Amino acid sequence: MAAPLVLTLACADRPGITARVTGFLFDRNCNILDAQQFNDRAGNGGPGAHDDRFFMRVVFDPDGSTADSLRADFAALADEYAFEWTMVAENRPRRTIIMVSKFDHCLVDLIYRWRTGELPIDPVAIVSNHPREAAIRVDIGDIPFHHIPVTPETKPQAEAAFRALATQTDAELIVLARYMQVFSDEQSVHFAGRCINIHHSFLPGFKGARPYHQAHERGVKIIGATAHFVTADLDEGPIIHQDVERITHADAPADLVRKGRDIERRVLAEAVRLFAQERVLMNGGRTVVFRG
Amino acid sequence: MAAPLVLTLACADRPGITARVTGFLFDRNCNILDAQQFNDRAGNGGPGAHDDRFFMRVVFDPDGSTADSLRADFAALADEYAFEWTMVAENRPRRTIIMVSKFDHCLVDLIYRWRTGELPIDPVAIVSNHPREAAIRVDIGDIPFHHIPVTPETKPQAEAAFRALATQTDAELIVLARYMQVFSDEQSVHFAGRCINIHHSFLPGFKGARPYHQAHERGVKIIGATAHFVTADLDEGPIIHQDVERITHADAPADLVRKGRDIERRVLAEAVRLFAQERVLMNGGRTVVFRG
Amino acid sequence: MAAPLVLTLACADRPGITARVTGFLFDRNCNILDAQQFNDRAGNGGPGAHDDRFFMRVVFDPDGSTADSLRADFAALADEYAFEWTMVAENRPRRTIIMVSKFDHCLVDLIYRWRTGELPIDPVAIVSNHPREAAIRVDIGDIPFHHIPVTPETKPQAEAAFRALATQTDAELIVLARYMQVFSDEQSVHFAGRCINIHHSFLPGFKGARPYHQAHERGVKIIGATAHFVTADLDEGPIIHQDVERITHADAPADLVRKGRDIERRVLAEAVRLFAQERVLMNGGRTVVFRG
Amino acid sequence: MAAPLVLTLACADRPGITARVTGFLFDRNCNILDAQQFNDRAGNGGPGAHDDRFFMRVVFDPDGSTADSLRADFAALADEYAFEWTMVAENRPRRTIIMVSKFDHCLVDLIYRWRTGELPIDPVAIVSNHPREAAIRVDIGDIPFHHIPVTPETKPQAEAAFRALATQTDAELIVLARYMQVFSDEQSVHFAGRCINIHHSFLPGFKGARPYHQAHERGVKIIGATAHFVTADLDEGPIIHQDVERITHADAPADLVRKGRDIERRVLAEAVRLFAQERVLMNGGRTVVFRG
């Protein structure tokens, strides 16, 4: 068969969306391979309340049709229901820029998973605010490396340079893999919905700097990490994925940092996988995540 | 709105099932509130291979239609596709018999959850092979208690008595809540697909008797519990739910028993909830579980 | 053998403590059955830094000695090292008051575990700010129930009445089992180190009221519960135990409340077990927890 | 201070061991930094029963003493109690050979953790039954690679070659990082207690080949991995560490393999860390693991 396509859509809930969408596909001989939907019944209003919202992800075999012709046909239906939608080839590699500072455990993990074919990404650049020798201690093969230093004075220029790079490389996804610089509001808005950060705490606990030291100070018994979309509001972006591990009184801050590395890398890699497979839909300040 | 209905179906996979089913509902003004589907692409054959199997669960608002009229209408479509299907009111209480021997932690938990409205069951009987005072140390209110002793000699009669009780009470679900008697093959077949057992190990590890002692002896670092449908093949029935906890070398068998009680009761309660909400579909020796 | 004794101690770290303590026991023919220790090397100062602190828990067979004579003997050594210490019979039941408002899932669980012999407590009273019929829907047997209503105006008198009850019943432990009233500073100080609360969030996230609704609003992917000592600083007391569960976008606040009940009851029960078995030592705003 | 030393010991339980050992250290001005012990009260015999066994791990600051002199002094005490014991520098790198076949995810992970200083190992060789280009797709720096092919006919010679290499490199630890060859009985005995294997299932479930396919076939809801010492009895060696992840009906065998890679690498790395830090003591067919 042809490569399957993935359709995602979000809209105000109305009766018949599923029937119309699946009918559209059936009429074109497209066989549905996987489908998930979610009706967010706002507040306690229950179904039908004013701002119920509907989300759907469908994977289908396009039979003889091309993606272009299906997209053209689908546009009319999408207009009728005011869908926010995409229809793309399943597992096509997403053009991705990975940003790091001096910790490379998340980078190493993403690169390894990309090489094993586990992550449908195409790393078009690695960017650091530190020189290559300070930022990376692993073989990154042919992936271009860019050193974009950032100081308080040069931040606007540095951000402009990064935007230029993202445009040039046609980047669809920016991954902040323990990149220790905060985006300006302008930069956050520019990359809204396609920039994922890993925060080394179980948000909303321990926002800001040195979260493992905060966690040790507070005496929590579990630590975690959070992958979220970057927004102008620091550490407040929509959460994509989180995970945790138990700790004890005997874990010093250095132990938390060590244990945290494992959580961070697997949480970030999972968030990137979910995003790249079109499994993450934005729902205001939250996300809908359609797992397999 | 009227109480939502739940439609579940399983059949050989063919194009258009989703479109036909959702179209059927749309034509009758039924709004879909939740829908999940799964295509089991057999072995490595991929989609379209000989015995692909399709599973679906749809929750919908029946608008003005009655369940009876919708069922009557749906029968034609169901015949066409050879669906195995049910269409029932969401969260209608399932008539349930709970069987125990001398451990009552699972029973206590089920009763508590039922009273809080968390479990859509209607406990029509509690049955034990021990007298009431040996089996139960808690208040079971008005739920009828039946003592059905079992010895090797009287097992056939005891099982017949239980089948009679199940018929009389019109039981839809039998829960073996640490009931320490093994069903005969005949009894297993009789209650196939509606009898859930909790086994106090992480199957397929530690089948048979005294699994916590086996686990201690083997020196595993994690223990678990397994809720499964009862089949003639002991401890081999389709698994519905499992959970685990870490243990250490310092845990004696008695500690495993204590920790295990917690795992058992929550695994069994979750399996009963999943079953009672029509979320568990049989797929040969395995299950498809549509979570919320 | 005689019932084992449990010795716990905390002090400024100095060489030889373990040798002196274990030597003391050896000289009296007491066989050590279990021993754990922890040196809190403050900050990054490493061993020997100014305020290193030492914690120890030893379970031993007293051979022929009585607890009283051993305590008398031990006092001299304790003075020499300025130990904060206790020496009590292992698993002696701690006199406990359980406080509830209208949610009884934690109470039910504690009572059940106490009846099975799993929790070394002696429930001397159940207290609620609501009348018995509103607070409790289960059989509490002979445990005295006290209705102590609280309004903003009567809070001082209500707290005084509760202190009187605690004195009268010689209570060693106060468990706030989803008791929805905040203690005054005075009350918190009065019961410092022997009052455990269950907060229905993974602290420090979602302090204050309606944490599950806060969690839903924020869109976290994991929820939790926290058992902590009550201090004047609300939701800031030393944490004893925490646990978590995964949730998804499909979980409405009501689902979080349902799932949360399971986490709350097992976290609180575990904290009570740890406290009652002398496994929890205070370390400033944190705890040292010696598990088995 | 001087580098801390780690003392581990195991022996038949007798009163006074802790007092004698800690007294020995105190007499030599050695300050105890961490100490853990475990009395395995055999069966249900309780303390004092015939084959109670005692285990201890102590980390201490040797003050002015050398490890050699302390070892010489300790020998007399060790003889008296018939200790099996070691006394070595904390975190000294263990000379390690890593064996792989064609999957390199565990190797990559071990190498990365070694480079970050997280694992106290010294990789003296990487060995594969496949040629380097087939076995390894990452930069292994200066670590010598050895291709030792194995066929049914050449197995004895291949094993002899490997034993020679282990002798030559003075290897203290052999890690089978998804090495797909089974050791002969002779080889297992030769490396008893210092050869760790990662099995890609939650043992004792799914022994033998293709465990993820077995797990899918059985329909379990959780998969896992197990790090254990290699013994002549395949997949029956003492377990060091295990971990698990949830799966669903929608996970095909390929998904289990992908998810399993994450579990395998973290379970193996943790087992290697525990071993290298002298935290794992053998207790018959089981292990005592003293975590931090």
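By written order: A, B, C and D. Residues from 1 in each chain.
Everything below uses one rule, namely that a residue touches a chain if its C-beta (ideal position, glycine included) is under 8 Å from a C-beta of that chain, and two chains touch if they have at least 3 such contacts.
Protein identities per chain, from UniProt: A, B, C, D = Formyltetrahydrofolate deformylase.
Every value quoted in this text rests on a predicted model; they were computed, and no experiment measured them.
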Comparison of B-C and A-C (more C-beta pairs in contact): A-C
Remotest chain, chain D as reference, centres from CA atoms: B
Geometric centre distance via CA averages, chain C-chain A, whole Å: 41
Chain centre separation (chain B, chain C; CA means) in Å: 37
Residue numbers of chain A (touch at least two other chains): 38, 41, 248, 250, 291
Touching residues (chain side chain C, partner chain A) in the complex: 38, 40-41, 202-206, 217-222, 224, 238-244, 248-250, 252, 283, 285-289, 291
Sites on chain A touched by chain B in the complex: 1, 15-16, 18-20, 22-23, 25-26, 29-39, 41, 47-48, 61
Residue ranges of chain B touching chain C (in the complex, touch as defined): 105, 108, 112, 115-116, 118, 137-139, 248, 250-251, 255, 258, 261-262, 266, 291-292
